[in-house]
C-alpha cells in the first residue's frame, strides 16, 4: 500500500514538473522545473532500491548539471523569449502526432516485452540493503566493465580539454562585451 | 477489470509507462521549443527516462547491471551537457541569442 | 494498524522536533556570534535587552516580523518569494539524517494501572535522527549541493546586478570547493568502508587501534577517532565547509565593498532572516559532519555507548530508563562537540581577513584540490601496505 | 517506514514553514504608498542602469563545466573506496589499487592540464 502510494505521488509530481519544463515560456523556469524533475527521479530511484544511483542522481544531475544550466541561462539573462515555441500549425500537428505515435509504440513495446519476461512480485522482493548493492556495483565496475571505466576517465579528460578550447575560441572572455 | 487490480500493485509496467511519458515529453521539448538550451534540457530528460527504465528493469529482475549502465549514461550525459552548453555560449557570443532561428541566418 | 499510527506519530514528532532544534539554535548562534565578535573586538555587543542581551534576539525577530514588504521593480515575484524558502530546505534535510545520539532500544514492558496490566508494548528501537538513510554521506552531499539554487534564484529574481554577481560568485565558489570537499571524503570512506553515519561512529569507539600487517597495536590513552588517521583530510574538509557556507574568509559573494550585500541585497525583514537560518543550518550540518567523521560522533572519548547505559543501570535505573538517560547524556555530548566547531566558525570569521576572488578560486582549484588528491593517494597506499593480505 | 516518506514529509513541512513565514511577514508589515524611486533596483544613489549591459565573465560557466567533469570522476572513487576493504581482506588489494591508479593518473593529468592552460585564471 505504502509502496504504490509513494510511486503514484512521486510519478505525478515528476510528470507535472517535466510538463512544466515543456510549457514554461521562461527558460529559467524550464530549468528549475527540470531540476525538480531530477530530484523526483532521485526519489524514485531510491524507491527502487538503487540507493547509490539515487545519490549520484542528486549530486550529478540536480546538484551539478542543472546548476550549470541555470547558471548559463542567468549569464544570458534572457528576460522574455521572443518565440518560445516553433511556428506552423501543420508542422506542430505533425510533431504532436509523431510524439503520440512514439508514445504508443513505447507503451506497446513495454506491454509486449513484460508479458514475455513474466516477472513476478516475489522475485522483485528479494533485495538486501545498500551495502550489498554498493559492493556488487563496485565489483562489476572494476572487473567486467573495467575498460569502460578507464575509457570514461579519458572521455572526461577530452571533454575538459575541448570545453576550454571551445570557450576560448571566439568573442573574448565575457559573455557580453 | 483493468483499473483497480492493475493500479494496486505497482509493477514494472507502471515504471515503463512513466518512463515512456517522460521520454515523450522530452522529445516534445526537443521538437517544439526553439531555445537551444531548452532543447538540450529535453535531451537530458529523455536520457533520464531511459535511466528510469534501466533502474526499473534492474530492480524487477534483481540484476545489478542495469544500475551500472545508469552510472555510465549519467557520465556521458553530463559530458554531453558540458559540450552542448559550451557550444551554446559560443553561439550566444556570436549571435546574441540562443533561439534556433539563428540557424536561418547561417550561410555556407 | 495501531503499530502504524504509533510509528507515524513517532516519526512525525521526531521530524518536527529536530527541524525546530535546528531553527532554535539559530538565535542562540546569532547571540554567540554577536557577543563573541564583540569580545574579540573589545566591544560590549548587545547587552541591554534582558540578561547578557539574551532577549535581544526576540526583539530582533519581532522587528523583522513587522518590516515593510519590499519587492524591487522588475523582480520575478515567484522566485523572489521562493528563494528564501528554498534556502531552508537543504540544511533541514541534511541535518535530519545525522545521528544525534545513540539509538534507544526499548525492551517490552507492560503498562499497568492499579496493579492491573492493561497492555504490553513491543520491543522498539528509537533512532535519534529524523531518518536513517544508508547512503548517509552521498545523501548529505547531494542535498547540500541543492543549496546553490536558492542563491541563484535570489540573485536572478532581484533584477539587480549586484545580486546577480553575488549569486554567480557564490555558486561558482560553492561548486569549486565542493570538489575539494568530495575528494577529502574519499579518505574517510577508505578508512571506514561505509557510507552510513552510525557505522562510522561505532567504528570510532574504544582506544586508538592501529593495525600493522595483521599485528594490532593499541594506544590506550587516545580515542580511536578519525582525526588521528585523517588529519589533512579533516583540515581540507573543514576549510571547504567554510567556503560552502559562504562565511569569512570566503564571504566573497557578499563583499560589502564591491557587491553591497551579494545575492540578498534586495531582501529585508524575515526573508533575509531565512537566508541566515539557511546559512546557520549549513554550519550546523558542517559541524555535525566534522564530529561524525573525525571526532567520534556522539560518543565520549574512550567510553563505549554501552558503558554509558551500564553506568545508568548501576545507579539503580531500569534497563529502559537507563537507555533513555544514556541517549540523552550522549546527545548533550554531541551538542557540546558541535558547539565547539560552531565556535571555531565564529572565531575564524572575526579573526581572518577576506580573500580576493582570484585568490579564492586559486586556493580551491590549485591548492586544496591537489592536497585532497594527495591525501587520497597517501591514505590508499598506507591502507594497502598495512592491511593487504600479502600472502595467500 | 521508508526514509523516503520521512524525507518527503520533511521537505513539505519545511516548505510550508517557509511559506508561512514569508506570508506572515508580508501580512504584518506596514503598507505605505511606495514611490517609484524606492522601487528601483539598488544602485548606490545613481539612476538605475539597465542590467542587460552588465559584463559577466565566461569563467563562471567554464568553472561550472570543469566542476561537473571532475565531480563525476570523484564520484567514481566512492564505490572504489567503499569496496577497498573487501578487496584487501580478499588479498586483491594490489589489483584494485592499480585500477584506480590508472584512473587517478588521468585525473591528475587533466588537473595539471587545466592549470597549465590557464583556464582557471581569474583576472
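Per-chain residue numbering starts at 1, and chain names A, B, C and D are given in the order in which the chains are listed.
Note that a residue touches a chain if its C-beta (ideal position, glycine included) is under 8 Å from a C-beta of that chain, and two chains touch if they have at least 3 such contacts.
All values reported here derive from a predicted model rather than from experimental measurement.
Student: Report the most central chain, judged by the distance from each chain's C-alpha mean to the global C-alpha mean.
Tutor: D
Student: In terms of C-beta pairs in contact, which of C-D and A-C ranks higher?
Tutor: Between A-C and C-D, contacts are more numerous in C-D.
Student: Compute the distance, rounded to whole Å, between the mean C-alpha positions of chain B and chain C.
Tutor: Roughly 34 Å separates the two chain centres.
Student: With centres defined as the mean C-alpha position, give me the chain A-chain D separation in Å.
Tutor: Measuring from centre to centre gives 17 Å for this pair.
Student: Starting from the mean Cα coordinates of chain A and chain C, work out the distance between those two points in Å.
Tutor: A distance of 29 Å separates the two centres.
Student: By the touch rule stated above, which residues of chain D touch at least two different other chains?
Tutor: 1, 7, 51, 54, 56, 58-61, 64-65, 67-72, 75, 78, 82-83, 86, 107, 114
Student: Could you list which residues of chain C touch at least two other chains?
Tutor: Each of 138, 164, 168, 171-172, 175, 194-195 in chain C touches at least two other chains.
Student: Where in chain A do residues touch two or more of the other chains?
Tutor: Within chain A, the residues that touch at least two other chains are 52, 56-57, 59-60, 64-65, 67-68, 71-72, 75, 77, 134, 137, 141, 152, 156, 159, 163, 167, 175.
Student: So which chains end up touching which?
Tutor: A-B, A-C, A-D, B-D, C-D
Student: For a test of understanding, state which residues of chain C touch chain A in their complex under the given definition.
Tutor: That would be residues 79, 134-135, 138-139, 141-143, 145-146, 148-149, 152-153, 155-156, 164, 167-168, 171-172, 175, 194-196 of chain C.
Student: Chain C touches which residues of chain D in the complex?
Tutor: 1, 3, 6-7, 9-11, 13-15, 17-19, 21-22, 24-26, 28-32, 34, 36, 38-42, 44, 49, 51, 54, 56, 59-60, 63-64, 67, 70-71, 74-75, 77-78, 81-86, 88-91, 93-94, 97, 100, 104, 107-108, 111, 114-115, 120-123
Student: For the complex, which residues does chain D have touching chain B?
Tutor: 58, 61, 65, 68-69, 72
Student: Which bits of chain D are touching chain A when the two form their complex?
Tutor: 1-2, 4-5, 7-8, 51-62, 64-73, 75-76, 78-80, 82-83, 86, 96, 99, 102-103, 106-107, 109-110, 113-114, 117, 119
Student: Which residues of chain A touch chain D in their complex?
Tutor: 2, 6, 9, 43, 46-47, 52, 56, 59-60, 64-65, 67-68, 71-72, 75, 77, 134-135, 137-139, 141-142, 146, 149-150, 152-154, 156-157, 159-161, 163-164, 167-168, 173-177
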